[in-house]
Amino acid sequence: MVAMLELKNVEAFYGPIRALHGISLSVEQGGIVTVLGANGAGKTTTLRAICGMIKTTGSIKFEGREIFGKLTESVARLGIAHVPEGRGTFEKLTTEENLRLGAFTRRDRNAVAEDMDRVYGYFPVLAERREQQAGTLSGGEQQMLAIGRALMLRPRLMLLDEPSFGLAPMIVQEIFRIMRSINENDGVSMLLVEQNAALAMDLADQAFLLETGEVVMSGDTKTMKEDESIRTSYLGY
Amino acid sequence: MAVDTIEEKLATRHAQSQLEAKLAFYKRIGLIGLIIFAVALPFLVSDFRTFQFTRVLYISIAVLGLNILSGYNGQFSLGHGAFIALGAYVAAIMMDRWGVPYYLTIIPAGLIGFIFGFLIGLPARRLEGLYLALATFGLALATPQILKKFEIITMGVQGIVVDKPEVPFGLPISQDQWLYFFTLMILLVLFWAARNLLRARTGRAFVAIRDHHMAAESMGVNAGFYKPLAFAIGGAYAGVAGALATITIQFVAPDSFGVFLSITLLVGSVIGGIASIGGAIFGGIAIVFIPNVAEEISKAAPWAIYGVILILFMYAMPSGIMGFINMLWRGYVKRLLTRT
Amino acid sequence: MEIFLQQVLSGLATGAIYASLALALVMIYQTTELINFAQGEMAMFSTYIAWALINAGMPYWAAFFLTIGISFVGGMAIERIIIRPVEKAPVLALVIVFIGLLVIFNSLAGWLWTYTIKEFPSPFPVGSPGGNTYIGFHQLGMIGVTLLVLLFLYLFFRFAPLGLALRAVAQNPVSSRLVGVRVGWMLALGWGLAAAVGAVAGMMVAPRLFLDPNMMGGVLLYAFAAALLGGTTSPLGAVIGGFTLGVLENLAGTYIPFIGTELKLAFALGIIILVLLVRPQGLLGKKIVARV
Amino acid sequence: AAEYGPGASDSEIKIGNTNPYSGPASAYGSIGTVISKYFDKVNAEGGINGRKINFVTLDDSYSPPKTVEQVRKLVEQEKVLFLFQTLGTPPNSAIHKYMNAKKVPQLFVATGATKWGDPANFPWTMGWQPNYQTEAAIYVKWMLDNVDNPKIAILYQNDDYGKDYLQGIHDGLGSKASLIVLEQSYEVTDPTVASQMANLKNSGANVFFNITTPKFAAQAIKIANELGWNPTHFLNNVSTSVGSVLTPAGLEASTGLISTLYTKDATDPAWDNDPGMNEWREFMAKYHPKGNVANGFNIYGYAVAQTLEHVLRQAGDNLTRANIMKEAASITDLRIKTLLPGILINTGPNDFRPIEGMQLRKFNGTTWEAFGPVVSVDTSS
Amino acid sequence: MAIAAESIGGTPNPNKSFGTILEVRDVVVKFGGIVALDRVSFDVPEGLIVGMIGPNGAGKTTLFNCLSRLYEVDEGDILFDGQSILRNQKHQISQLGIGRTFQNLALFASMSVLDNILVGAHSGSRSDFFSDAVRLPWVLRENRLSHARARDLISTLDLEEVAHIPVAALPFGTQKRVELARALVSRPRLLLLDEPASGLNHKEVDLFASLIRTIRDQNNLSILLVEHHMGLVMKVSDRVVALDFGRKIAEGTPAEVQANDSVIEAYLGTVN
């Protein structure tokens, strides 16, 4: 079985600065992989590299096809949804317009409408804020919006950059529940960057640990949880 | 960024500060060299060229004013020519009507530019981006019309002719050379002041407002004061430039101050590098010389060539000449750093 | 009273001129959140193309639609070829490129067709309804066409997902790409549509103003003001802004002796700025709030 | 033996000029172009007294500071013998003092302001065309003689040119200035003069002075017609071109316009077989094929260049600046074939106004018909 | 972060004086139909750290924005040191002694770290444009003082390496420290922190907890802390206020609030 997503030796650059020094990782079909690492380790950069948002070298394959060098929009059109760091809200549009844009590439109007209801079902507060200018939503509401917008794409692979960022504990639990259900019911694969390592490790099957742009440790989450250094740095027990 | 021991940290820091000192030294030498060159220039070229460079100097002063306003404070002005007009008329009227010597017109022109700038900056506080552009564009458009309307003061469309300043103290130089030095002196003072200002509390407040309006206020920056202040300072610089323009050209008329002047200033400012001090000089050079170059290339459609030059310039140096130089400089510093 | 009516109607007719170009500005604003200073000159250039086609013997309406098509493609080409290299440059660099385009089109038109004014035909009958001296068929037709363009833009932004995508691109190209919007093509589309709308404006105003390379130079500022007064995101606002401006300046010029005809533009702008001070989003614009 | 000032030699005479080839006044640029072409012709035919003309023409965008710069370049760097046909009142005002201080001729300037004919104060500056005030005075005089109970409305361009005409009308009316019921101005940047025209019509005037440049002239004529306003309509000389003003405005609407002309008009069928105009047409075809024959500037430029040619021929081998000025001030009864019959050029040490005569003409729907003699009004005050 | 970790844990603050520095009185804020704050009242005692929790959209940031005068209060009053701040304008707040950080970062993107922090010193300095332009001696002196203070904070918060780098290029966590330094440089008496720990990993949160307490103790600060990271809130807060739908639903010691039923229902969820 080919991996759904496979990165080989990926380097990434911000101008002349090299932020990734040859990352290799893969996400199985239907799998959930989490990427851990300290501030500035390169987690966000890894996700950006996959989406062609920054200058990269190396090989990135999606379902066996090379997507390296593709435009970001073409990557999205393959069914890869990205919940970006900083949420990427369309601040001047309404909540609903933000969600509609998530489904921009889709032509199945009825299903889109269903999905819209589904997202509102997940996050009732967004339904109440339908016509509100998205930039005035609270931080957490915008985070829900970002996740909702990604779901609207009906992706096959989700790249989630700290989905729990700024969310209240209850919503965090809710979101992880949703992710698990989407993964299990719809077979959506996920690449998850998350500071709440305990939750992430529970959800994911595989984990990669980044340090200054390199993978320093990887494995399935069960064994990783046993690791002493991971426990002290990321899990806190 | 992973430095392990205190010793290592101190060692890198020491190397870094040595390097900084060295670079600062280079910069200073470069600056002194430039000033010497500027002083020597009129002795190397003809009176006509000297006159052209005098224009470069006073236009640079106006561009610097615009840089402070638009580049540092982020208030986009399409009407900066209005302040030049103001300064120019203040000087012309003082000289022509009241017989005031030319050198006494500079400060009043600057002051009146300052006051008008502040007044115009007051409503501008509530206008952002395009709205401010429209308001200032309107100002630029109305300037010649207002000058024509108030004929009693401005002599209307006839304009005002003034005398060329004499060389003082029996110096053995030509009138054009004297005017150049006079303008250069004022320019140096104003550039020095701008540099101080922008590196200090006021300058930081300007940039803070540009970068994040609300955060700036929360840090105690009174945008309601600093925004008009930026207008006032921009206006004062342009006012001084206007007075110098009158003295250099010896003629003012409403048609010298149309919309195109304001647009030209903006073009110069962006080409030079809008958020920079040194860029203003390049802006002045660009404003005076690009049309000449365009004319050399094609007499038939010089403006088309001018447009092409502008576009190509922006392709090559989207952050202006100074932005480009800074990029090269940073590259050089980086190479120095990696060598050590 | 008669003069009042006369001035109001003449203001509406002139307002239609402002409104038609303002629509093009709104169109480009939706995709870039910028005003293209070259929009007027592009419209003028399109009108020359139409003029050349008509002079070569093409029937009016054929030339009309062909010109719209050429302008659409031309607008897209300009975006893809000239604007693209500075897409990511600072805003002011783009503004300078707009200014560059403005002077190039102006100068090119002067070079190709000289500065002598040219007559441009109107598709509408000569004269006026019932032989009245207030408003002619052409002015009425022009107002009608402006409203048609408005309707088209309204439907486009209201119902086509493309309309939403255009606005998204203007605000946040990065997020737009993440949801699969082809940003480059959207920008090109925006430019193409703006150029096409501009072409309609040019062909409608030329019979009134006469065709010359500076035909749109004066109109641009009015259109700019009209678009801001109405609210840059609202096509209807732009049209209302245009009509308001046309009537306002006429009445100011007629009834306020000190303002007279010299300062009527300055006065009208002053009023607009006062309105914007109270209502910064323009008459019909949606208020956009920034928060921390 | 030959005597030479700067810019002149056995083989060459270098002449400087500024014109707005760019900017809002760029329509005037065609004057500079046609003059260049005319000197191409002169040179192709052997030059003047064996010397080629080197005509250096620079762009000043109609902006006085730019003019000063370009003129200093011409005088100090290019070292031209003199300046010829520098265009526009503000640009010429800006260099007026400089030229006279430097004692460099500022010859046949392209503006109709009155101040260029002032040899006592500015002996190095000379105009060429009839000045605007003279023209205005001619209309006023005729109007006072021929219109009963006149009530005057005026539309003028709000700049030096328009104001000069306005001044001329006021001077011509003298104590009768109260006959003016309404004056309206427009800016060159205005899109249309519709509003002004409505007000002028509404003023109840029966006389209309139309002091506008071609585009606005065409608009004004057209709008007056649409408004059903039929005053005695005086159109200033600047905008009399049949091809590029009256035809766009509508020939029917233009019928009855009164103006003064001093040049012939290529689009006027009256001159279709005129030998002088045929010469000009040949020139246009051979040396300036891209030039628009409907554009009156091409006739104007041709005529003024011929005037200069005459002066230079007359100067012979004495090509000093002082002598150029002297020769320019001693023209008697020069006839230029593209000027109207009866218009003669005369200058003298105290007469720096080459063309002072004009002839009233009325548009009959196809052509300008002369009526009355060539008149000149003395405005030197 | 190389912060000395001595004062981790709930050791009581020796500077505690039990005066009240901030009183929020029946504050109401509405946005159209939404009532973002509904008669919220609570106090911040001098020298204490008050945590504020609540679901997303409960109105926490809105309250901060009222304290900064970025939002207008529809009803109610806010007293700082016994004086209503509602008469003050936004730029006067920092001068009163209230410093803050922002939930979504609000740094001056083009400026270096040092300059960002120096802007924070704006309200604590006096120089005007003229004295700046001609470099009057007292301005230079004042400038040296601000620089020294900024340098201090840069080293406390371990920002030396990046002091001259434009903040836009820094990782998120570093930017948060810059914001903290910028808020501290003007020596505020009340510090408002809006989700300072979001985006930090577990270890970093721990370090941050000790940092807050150290800063509080060294500067005699009072702190109002909005945070979703319950571990942090529980560890550092002396008192906790909980909001839901703009209403205060609980107030008390961390333990009390954590055990409160409505808080569990609205905010914490059952699993925690």
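To keep things simple, chains are lettered A, B, C, D and E as they appear, and every chain counts its residues starting from 1.
Basically, a contact is a pair of C-beta atoms (placed from the backbone, for glycine too) under 8 Å apart; a residue touches a chain by one contact, two chains touch by 3 or more.
Treat the numbers as computed from the prediction; the structure is a model and nothing was measured.
Participant: Which chains lie in contact with each of subunit B and subunit D?
Facilitator: C
Participant: For subunit E, which other chain has the most distant CA centre?
Facilitator: Using the mean of the C-alpha atoms as each chain's centre, the farthest one from subunit E is D.
Participant: Counting C-beta pairs in contact, which chain pair has more, A-C or B-C?
Facilitator: B-C is joined by more C-beta pairs in contact.
Participant: With chain centres defined as C-alpha means, what is the inter-centre distance between subunit A and subunit E in Å?
Facilitator: Spacing between the chain centres: roughly 30 Å.
Participant: Rounded to the nearest whole Å, what is the centre-to-centre distance of subunit C and subunit E, using the mean of the C-alpha atoms as each centre?
Facilitator: It comes to 48 Å between the two C-alpha centres.
Participant: Using mean C-alpha positions as chain centres, tell me how far subunit C is from subunit D in Å, no decimals.
Facilitator: Measuring from centre to centre gives 36 Å for this pair.
Participant: Could you tell me the distance, in whole angstrom, between the mean C-alpha positions of subunit B and subunit E?
Facilitator: 40
Participant: Going through subunit B residue by residue, note those that touch at least 2 other chains and give them in order.
Facilitator: 1, 141, 145, 148, 214-215, 302-303, 306
Participant: Any chance you could list the residues of subunit C touching two or more other chains?
Facilitator: 103, 107, 110, 221, 262, 265, 290-292, in rising order.
Participant: Touching two or more other chains, which residues of subunit A qualify?
Facilitator: 40, 136
Participant: Which residues of subunit A touch subunit E once you look at their complex with the stated criterion?
Facilitator: Residues 14, 36, 38-40, 85-86, 125, 132, 136-141, 143-144, 162, 165-174, 195, 197, 232-236 of subunit A touch subunit E in their complex.
Participant: Using the touch definition from the top, list the residues of subunit E that touch subunit C in their complex.
Facilitator: Listed in rising order, the residues of subunit E that touch subunit C are 61, 65, 70, 102-104, 106.
Participant: Looking at the complex, which residues from subunit B come into contact with subunit C?
Facilitator: Residue positions touching the partner: 70, 76, 123, 126-128, 130-131, 133-135, 137-138, 141-142, 145-146, 148-149, 213-215, 263, 266-267, 270-271, 274, 300-304, 306-311, 313-315, 318-319.
Participant: Can you tell me which positions in subunit D touch subunit C when the two form their complex?
Facilitator: So the residues of subunit D touching subunit C come out as 22, 24, 26-27, 29-30, 158, 184-192, 194-196, 198-199, 202, 214-215, 218-219, 226-228, 244-245, 247-248, 292, 294-295.
Participant: Which residues of subunit B touch subunit D in their complex?
Facilitator: Interface residues on the subunit B side: 46-49, 51-52, 55, 141, 145, 148, 156-159, 161, 245, 249-253, 255-256, 258-261, 288, 291, 295, 299, 302-303, 306.
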